[in-house]
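Quick one: this structure, given as structure tokens, is what I'll be asking you about.
Residue numbering begins at 1 within each chain, and the chains themselves are lettered A, B and C in the order written.
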């Protein structure tokens, strides 16, 4: 496939990229390329290899059916007959971009957003708006409980009189940790004067920049960054379909999809044989283009069988094939109905999708029928390679793991509640953070790391991760450590 | 190589897989393919790319000498003239398979076992029976001590009156954790009626299903699953020779072969340059087909030098080239003579290959002479690329690491024994589990995680893992933590 | 590229490697090959694929400008007209090699050193002498504080009367852990008589062997091993440019460059698309030969833009593009001026580049102007793909992380100081090791693991690693654990 594209692009590449007999490049983009080929050779070369540089929207729209990549019904006249180059994206919708600035006669914005991409990729942008990831900024920062956790994790502690005092984290620190993945708020803060090789320039100062988080709040008020997965400026489908892309935000112990995948048979086959697969084919043919699913294969991509019949339709609402939210807050539960989870409140008044006892706050969560529909979509993919007994057995185990990992979270919660009650730690009753003391941090690890890891390990059949690497062993040990903590602190109180 | 096979198979693939002028496919298999190509496109495509689909046993048996892959002296007449397809394996030996069921006029079994594979691969199946992995189920579940550990790791804990009460794990949980790798017991539990696109069907209900564990107890009473490493339905040699295959069960801190390999020079070369190697060549030519060993290279594969002379013969008894069992239970020791380790009892009456003091229970373990023989086979491989001084120095360090890591395990054991004696924890004297209290869990980590990791790091020259990642640093720190635990608990008792 | 070289070498390979019409091999090397092709097939095959085997120094020196690989102005007459084979390196400078021995009429040394490699690669060897890595042995073992840490990590502990007694580590253990990467001292210890297939031989016994550490002390009194990154005997540039090479020593929690890279966008692109890059091209063209930097790309390699203009000059002093030493000892600080850090003493008399309070010991560290120069070189690389606002924002965050991670180290240090003062642990005041007690080990983890990991995560934009995997979460939690330790121990004292 790669060779095929290289072949297509070769004359174009050889003549310097922008001119010659290749696909038509707009004059505006040629103007950009005149300087930027030299100033930013890396991204220009990436773009030259991209599909964007190789075909016009008009040509791309002639592709119909499952091979179609441009989902907009109509692309504006001025854009359709030139390849998608620098100017096409970075000057698009400039009146909606508060970060637009005057640049050599153009109104340019740096932060290309889903609002821009939707010009051609309307269906995908629409789905992504309904994807819980697009709300990752607000769901974290506007939920007072999670926001406090951010503060306790990222703040700096000072020792004063034998106790620690917390200074809340500044914007840079949050941008560099939680918001790296969740997304920052990018706003125009002002302009700066810069000396460059090409003379003096006025460039914008952006808050929360750089950032490619999935829930980035863009200067045009849209949410997310398509570049989080389809990195600039190749916007490669192969990249988005590679597990390493998801690993950027899903490798740590809080949401260990990638390390689980690595020890699954799927991940094993990908590591060993994936170098020979075709990651660019649309639709993606099960068994022909790839022989074990990547993350995208199960959760996002349009899949067909050997006869070209649809196995799964493409979706950018990434829980379309997922009934459960494994990532426990603080228990595993059915997926929220609305991608904005700040609206959720439990009976105890906490902004959580379950009670502290584990009971789900049902009115905000999808019902059983919707869960079945989503699971049905996922199972259809599994059945491409596995018998129905296999699939049934697999998901029966997952349901059991949801149950037992929730029990182990409940037990840890009970111990913490007892510690609060006995006055060994300060909790909600004392209007104190529930994330700042030793035993509270052990409690967080119980659900955020160990219960979570155990569930991912089951869900994706990477058992090695779910036992001693970060799963059941620690679920069991941590409870004993919490009890020891309480016992020893309790001695003190006597 | 891949291209070579593709070339060979191309006419066959183009004509839909099962018919045409390609290698002869049996009528039974063609019947299977009629539906399953559509129903399970992924595995059919895998099989189409496999050697099984490309050559008949009769043809394969004409290959003699080191290139030979079919080791059986004779393959039954009915099987030898058709490629190895669906029906050939899934209807074979059906009277021995308790899971055989009536399926469209055939007696089919889902669980293809080493008993089936041995029809053509007799030598390998015979070796594997002697491989300790084939006994992985029984060695874990029929050893009362290890069984208790499974219970303590996988059980659910509830808080009652400030103490935890354990509910033992159910079958699903064990299948999803320890037994995922060790293997489940697969038995026919009954039949179920299923609605399918192709009409109503009666399909078997199997216990412990799905599973591909190395010690799976199959419905035909054989042990293991060839698919654990040679995953269905390509049964690719390249896959089995890739380190990611072994990582499925050997990545966690209990037996961290893969993370050690990754930071070794061997692993480095594999990561950087391995994409250009030939993983299908038989025999495997050192330096020509690959330039650094994978797991299989050192432990399994048939290797030759540039002149085609044997460096190592193929073995599926994977400790043929290993004198020591690094994986401490609870100390490193010489390998057991018998793959069934449930027969072992130490002087203290415990089912362990060493005393709690570290002294080996010699009568069950291979003697020095056999150890030398096994080490000799391994060293011969090392010498393909390393001088004798290098190899000598390397193994001298490993012997030292066995000694020091055993000392560090002994010290932890002494601390635990003291805690039991002082009544700070309940041990064998109180007929209590030795795996359920805080200090006992620290003790387990000392040998199962840290001593073990230190030894793997030395053995495979991945030092980075053996110092701060999971080795000596923690060996040393954990002892101080155990002492602190004992001191603080001891205060309490006063 | 690979194919290109294969093409070039094909006639040479086909005729058995050493003879025929290929590039001229010296008679001495042909003599070596006569036996070693059989005895060590792996390394001979590696060499046959190498550039060393494919071109004479004389030919290589005709390459001028940025494509030049041989940097010496003159190569000795006797060496220039034959390819670089066994004898060329292993008999070179034999009077300087204390490990030279008589071998079939030749004076051979096993340990080829930077002193040998500099014959052709003078510039690189000269730079490497100034690289802090070349002093890795002495900087660790001749610094009394760090040496004590080695002792506490690698020594064996015994339980006596309820306390632990430490036996210092032997030479083998150190060689197998810290010195594996830092380098051992290799000296000739004597000779040994060996029976081989080719008759009896006298071979040297070397201390500290095998070893490929970056600061190895060689028998010719040079420092380092070029083979640490350019592994023998292909000495592949592709290998040295692959991130897995650096991972050998930079993966553990003490210096987690590789795990951070893996979750960065750079690492993601490398994992997904790097199989198609040209790792052999000199100079290395940004965007053409590779589309995201590897470790070498940012820190070592000669890079050019699409017009062939230099973006960064090659350096083997690997902090030429780095102003800060992230790896805190115990705080992050400006890089030392001299690669020999044993000369550093702080005001408190400790051999550390900062005071225990964090204040830098400025006279030994590069000044602000030099820091700016180094950062300028790095930023120039970043700007190949990123706008100036992006780069500015990135490094502003790094400076903030240096500040906050240093605060979190300071707080842990304050707690430890308090514990020492209260007599809960024995510190410098009691002339006791500062690395041997429970709370001291927690303190080490604060700076060596967590502060360090947080900084690497920021520096290389791999945020996932810097939050829950090994960063800020633990920075915050560890402080609470240290306080709990002190409180519980303090209870005891009452």
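Everything that follows uses one rule, which is that a residue touches a chain if its C-beta (ideal position, glycine included) is under 8 Å from a C-beta of that chain, and two chains touch if they have at least 3 such contacts.
The structure presented is a predicted model; accordingly, all values stated were derived computationally and were not measured.
Student: Mind checking the rotation angle between the two copies, subunit A and subunit B? C-alpha superposition, nearest 5 degrees is fine.
Tutor: Rotation angle, to the nearest 5: 120 degrees.
Student: Over half of interface residue numbers shared between subunit B and subunit C means same, under half means different, so which is it?
Tutor: Counting shared over all numbers used gives less than one half: different.
Student: Hey, how far is the Cα centre of subunit B from the one of subunit C, in Å?
Tutor: Computed from C-alpha means, the inter-chain centre distance equals 34 Å.
Student: For subunit B, write out the residues touching at least two other chains, lowest number first.
Tutor: Within subunit B, residues 275, 488, 491 contact more than one other chain.
Student: What residues on subunit A touch subunit B, complex-wise?
Tutor: The contact residues of subunit A facing subunit B are 262-265, 267-269, 271-273, 275-276, 285-288, 291, 305-307, 309, 311, 383-390, 393-394, 396-397, 400-401, 404, 407-408, 411, 414-415, 418, 457-458, 461-469, 471-473, 476-477, 479-481, 483-484, 486-488, 491.
Student: Sort out for me which residues of subunit A touch subunit C in the complex.
Tutor: Residues of subunit A touching subunit C: 2, 37-46, 49, 110, 152-159, 162-164, 169-170, 172-173, 175-178, 180-181, 194, 196, 203-206, 209-210, 212, 231, 234, 236, 238-239, 242, 244-245, 247-254, 275, 279, 436-438, 441, 448-449, 485, 488-489, 491-492.
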